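Below, subunit A partners subunit B and then partners subunit C, in two separate complexes.
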Partner chain A sequence: MRLRLSLLWAAVASAVGLLVLAGFFIQTPILIALGGSLVGLAVLLAGVALLLGLYNLLSVHLRKISLQERGWPYSALLVLSLLGTLVLGVFFGPDNPVALVLFNSFQLPAEASLMALLAVTLTLAGFRLISRRRDLLSFVFVGVALLVLLGTGPWPSGETSDTYLLIIDVRNWLAQVWAAGGARGILLGVALGAAATGLRVLLAADRPYGE
Partner chain B sequence: MIAQELLGPAVLVLFVGLILGFAMLGRRWPAVFRPLHGLEALGAAIERAVEAGERVHLSLGTGSVTGADSAPAFAGLAMLSRVAAATAMSDRPVVVTAGDGAMAVLAQDTLRSAYDRARAQDRFQSTSGRMLAPTPFSYAAALPTVLANEDVSVHMLIGSFGSEVALAADFGERQRAFVLAGTDDIQSQALLYVTADHPLIGEEVFAGGAYLNVGPLHRASLRAEDLLRTLIVASILIGTVLRTLGDLV
Partner chain C sequence: MTMADVRCPMCSTINPADATACSVCGARLKPMIAGEAESLAGPPEPQEGEAGDWLARIRSEVERKAETSGEAPPRPGEPEWLNRLRPASGEEEGPPEGELPEWLSEEEGSAAGPSEAAPGEVPDWLARIRERQKTELEAAAEEAPPPSADDDWLGRLRREEFLPTEPEAPLGEEPEREAPPLGPRPPSRPLPPSSPPAPAAAPPPISATGPPPSGRIPPPSGEKPAVSQAPPFMGISKDLLEGAMPKWLEGAGPSSDEGLPHMPALVAEEGLAVTPESASDLQMGSIDIPNWLGDLRKDAGVAPPDAGAPGDSLARATLPAWLEAMRPMDTFRPVVEIQAEDAQEVESAGPLAGLRGVLLAEPVVAMPRQPSYSGARLEVTERQFALADLIHRMVEQEASEVGPKPPARRRLPFSRWAIAGALFLAVALPALLGAPSLSVPTLVPPGLPALITLVDSLPGDRPVLLVFDYEPAYAGELDAVAGPLLEDLMQRDIRLATVSTRPSGPPLAERLIRRIGDAHGYLNGQDYVHLGYLPGGPAAVQLFARDPRESLAGGFLLAQEPTRRGMWSTPVLAGVQQFSDFGAVVIIAAGTEIARTWVEQAGPWTGASPLVMVASAGIEPLIRPYYEALNPQVDAVLSGLPAAVAYEQANGRAGDARLLWDSFGTGMLVAEMALILGGMYGAASFLLRSGTGTSES
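== the complex of A and B ==
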């Protein structure tokens, strides 16, 4: 019985995937409409899954609070913030002034700070790379990154000097010839890998929806 | 015009044919893949984590199921089935996080199936597959707590990420965990090259299933990818030579 159900889910998933794919290649009104409806249904289900995700998030943190695990006060803060903003959003809409103040005062600065932290993290990671992986590629990587940085950012002085112009030329040559060529090669591999992953789901070799 | 419209389906049919063909040839003509240090060292790292009573964490990224960037997360889910089986007998089974609710649900389903196959149904907990946070940077901000509280010693990032992946990988390095990370975004791959101990570059993020022996179609699809890439590169080179000769004449 369980095997039959598993086969049924696989058949449904493959059939739906093939229909949407067919609508992409064969531009007939029926296939386009059918594909659009199925994608719309998927988006709707993903919306419901967001609610399930929120429930999951709540249950993880409520469990931590009830067991008083390490860091439970942070979980309590998260649950209170989640419920507070949820109530605000549901009853007064996402555009209400209090929700906007909360977003602009907490969420936005926190994410901007993390973005700033990223710059520091990358600088430190660059030094760590040289100490950890002392091979030619690592030195080339860090050397090119420094050159591109010098050729992109403003200089305090000497922006008309021959050195600056030379660095800009080298930076453009690296970005337009080597980096663009390499990126296209990587993109080719990524596109083929993504297509193969999708095809494995269509062939029911990968069944992320369970068995 | 008609030839151009038929090109897409023709390549797709060729791709499927190659995958099925290589899958059938797989036993008689086994695949030999180039060494990928990160994926090869993963098995030993997971064994060490299981023996030490530490946890394996798999992040499926901040992309959504319905987005165009869902493919690497699906590759991560394929690896998850294998990792879950390897950690099923551990006191602390694998924990999976995602930035999307639907992806967290798929992670739970994959975990449940893997534990069913390993006859370790009692290991499954719905909180092992979690949605951490819906935005990229809030997801990254939530990661250190997971890594520290769950005693994570193997930190895998296999999914769709933006620049937040550098922070996500760095948090793992600070925890002194084994960090294996790959994504589909080129700029994020460059960040991973610097921050992760074992970065997966290019299509390597999709090769995990083949290297972890998830199934014959994984190995077959990797061989099909290699063959198709060779054909595409050859056609680009031939086209370039013909165009150059045409301009010269």
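== the complex of A and C ==
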């Protein structure tokens, strides 16, 4: 019985994948419509997964509040904020003026401030790295970062000096050759991995849906 | 308790003398085949130097008489004393009235022991007795059942305990041996020379009680020892066993009957003959002699049997190493010392539960002993030894107690505060004071001219789709970067539609468009529209690219009542039936993943419409491969604040990018200075330490 079920799930997964894939190569109305319906089901499942994540978050923090664990006031604040915005979104829509005010007054400044702290943290990390860990890789890392910064930001002396032009050229060479070459390698690896994974799922060699 | 009372060998209960079974535990007090005291009084094994002198004299006289009278010598294989006693085997019938046996008459004349009569000189009455006994024995042997292995377990135990070394007499000869009766001796029978006359108050023969089961005589408590159990080396004669008290014993202690050692078993009944088995159980030579008895013997002037033995002068044997290794362990006790009766444990299980003094199975079964085989020596390789040593060290480390960590020295985070303060001042001062003012970039980024050309070529009657896929944290950078492009689009009166795969995308879009569009008179629902949040990730992007109208129905901040067809029936989206109907698709993204999703999932559905990427400076290297390709999937890229400032310069209008440029420039300078100072500090400390190390060395 278990083997039969496993074969059934593998057949369903392979058939769905092949139908959607065929819709890219064979432009027939039936295949396009069938593929669109299957992708729509996937979007629906993603929405349900979002609701499940919301329920999990709520249950975890409610348990933390009930047990009076460490940091439970923050959990209580999170639950109150979640319930408040949920009520606003469900009953008044996501674009009601109160929700927009809350977004522009709390969420946006808070996240922007945290991102601004990242600049301070990275600068301090670079300073400590070059001052305390004096090895070749540290010098290379900090040297490259310094060159890119010098080539990106403005110079007080203006941009007419030969040194600035030289640094600009070095910066572009680093960004468009070294960095772009590494990025291409990463993207090629991601593409090959995705293609291999897709083929394994289509051939039922990988069964992420279970045995 | 009197001497007539009998102590139960099992539960130590005192019972009357005539009781045959214990009144408490029911154990039998009298054996099924009781031994007579006179059976024990039989001639002991003749030993050199220890046999009575009278017996030696009798033996020599008999031999001399046999030689002179021509009698046959004793039969080989039979002890001499047995051959001499054989003529008296039919003594229960006795000779006819008035007839005295010859050997007795000879004894009277020679004052010697009984002599053996020659076969030819046996009287008729004795021959008849022997003939009758022979026939009875044969008949009994034929009728008797074969002996079972368990019939005489007590006898075997006693033989094993009392007679570990002495062989038993041949069974075929035992029935013929008969000890003289215990009854009154013939008055004509002389006493041995060494035997003193028996006093009238002498205690009865202790042989009637028999030896204790333990084989040891209990320590004295002021009482006399059992004379019948005296070992042969003491030279106790048969007459002494019959009630005579030796001289050395008379002076040893009080002669009262009280306090004599208790012999709990083998209570002899008068008139019963002792069987050969019971007689062999009571061999004196196998009984251990306690110290107090040895002291008495010393007082009597008798040397111990092993004193001056030739074995003492021999050197102790040494065992080879391999044989020494096979010896039992020290914990093994080959001989179990049986404790005193009161100290013995009570049996707690089995059919003998509640009884005291039972034989223990422990020495046989449960006592530890060394195996009889020698185990092979364990051969350990170097690697195994190293692993064992490693494990040993690990266990030791685990067992060692870790001391508490000393409290960390609190240091002021001077460098952190200094860098944070410098960055804060560098960013805040230009924004607040407007100084210092840095020069704007004069160099045009490589992709900017293509973008400007592309925007200039966009059709005015088709809306441009703006994808706001970034988090509010990136709003500071991406709003400034996307601002010049929106300015350019609004300057050309191009309608705008926004969408986002993140819930925070539509508010960000509304915020940016309203801030820029107010200057251009853009109104929601007329010049721009928000399609809203597109849930579902990459699948939703693909679905939206396939059929925009069927994928999105909600909208965000719609001017009229949101209906499914109302959003798409607005003037902004008029003429848009599919994804390629948008004039251009502008993706504003801060992350690599979402940028790749839009390029890969929606790119095939754009048709002839250009795809423009407005990205953060951090993801530019990963976006550039889609742009710098033979068949580019991205038609234009705008990334980073310098490119935005350059775009504003190209448009001839200063926007948000220019306002942030000075703060951005000073902040970058502070960061560069921090790295340079860090490098200088590190180099200086390295040189100082190396110089200190050189001077010390």
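Keep in mind that, in the parts below, the second predicted complex is superposed on the first by the 170 of 211 C-alpha atoms of A that agree within 3 Å, B and C clash if a C-alpha of one lies under 4 Å from a C-alpha of the other, contacts with A are read in each partner's own complex, and residues count from 1 in each chain.
In this text, a residue touches a chain if its C-beta (ideal position, glycine included) is under 8 Å from a C-beta of that chain, and two chains touch if they have at least 3 such contacts.
The structure presented is a predicted model; accordingly, all values stated were derived computationally and were not measured.
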Pick one for A:Leu129: touches subunit B only (first), subunit C only (second), both, or neither.
-> both
Once the shared chain is lined up, is A:Ala46 touching subunit B (first), subunit C (second), both, or neither of them?
-> both
Is A:Gln176 touching the first partner subunit B, the second partner subunit C, both, or neither of them?
-> second
Given the touch rule stated above, what does A:Arg200 touch, subunit B (first), subunit C (second), both, or neither?
-> first
Of the two partner chains, subunit B (first) and subunit C (second), which one does A:Gln107 touch, if any: first, second, both, or neither?
-> both
Looking at the overlay, does A:Pro208 come into contact with subunit B only (first), subunit C only (second), both, or neither?
-> first
Kindly classify A:Arg70 by the partners it touches after superposition: subunit B alone (first), subunit C alone (second), both, or neither?
-> first
Would you sort A:Asn56 into first (subunit B), second (subunit C), both or neither based on which partner it touches?
-> first
Check the residue A:Leu192 against both partner chains and state whether it touches subunit B (first), subunit C (second), both, or neither.
-> first
Overlapping contact positions on subunit A, where the subunit C interface meets the subunit B interface = 39, 42-43, 46, 50, 107, 111, 114-115, 122, 126, 128-129, 132, 183, 186-187
Mind listing the subunit A positions that touch subunit C in their complex?
-> 24, 32, 36, 39-40, 42-43, 46-47, 50, 94-95, 100, 103-104, 107-108, 111-112, 114-116, 119-120, 122-124, 126-132, 134, 139, 142, 145-146, 149-150, 152-156, 158-159, 168, 172, 175-176, 179-180, 182-184, 186-187
Residue ranges of subunit A touching subunit B (in the complex, touch as defined) | 21, 25-26, 39, 42-43, 45-46, 49-54, 56-57, 59-60, 63-64, 69-71, 74, 107, 110-111, 114-115, 117-118, 121-122, 125-126, 128-129, 132, 141, 183, 185-190, 192-201, 203, 205-211
Residue set of subunit B touching subunit A in the complex reads 5, 8-9, 12, 15-16, 19-20, 64-66, 71-72, 74-75, 77-78, 98, 100-102, 104-106, 109-110, 112-113, 116-117, 126-127, 129-135, 137-138, 140-141, 145, 148-149, 163-164, 166-167, 170, 173, 184, 186, 189, 191, 193-195, 197, 201-203, 205-207, 209, 215, 217-218, 221-222, 224-225, 228-229, 232-233
Of all residues in subunit C, which touch subunit A in the complex?
-> 415-416, 419-420, 423, 436, 438-443, 446, 471-476, 503-504, 506-508, 510-511, 532-533, 535-537, 539-540, 542-543, 546-547, 550, 556-557, 596, 604, 617, 620-622, 624-625, 628, 640, 642, 661, 664-665, 667-672, 674-679, 681-683, 685-686
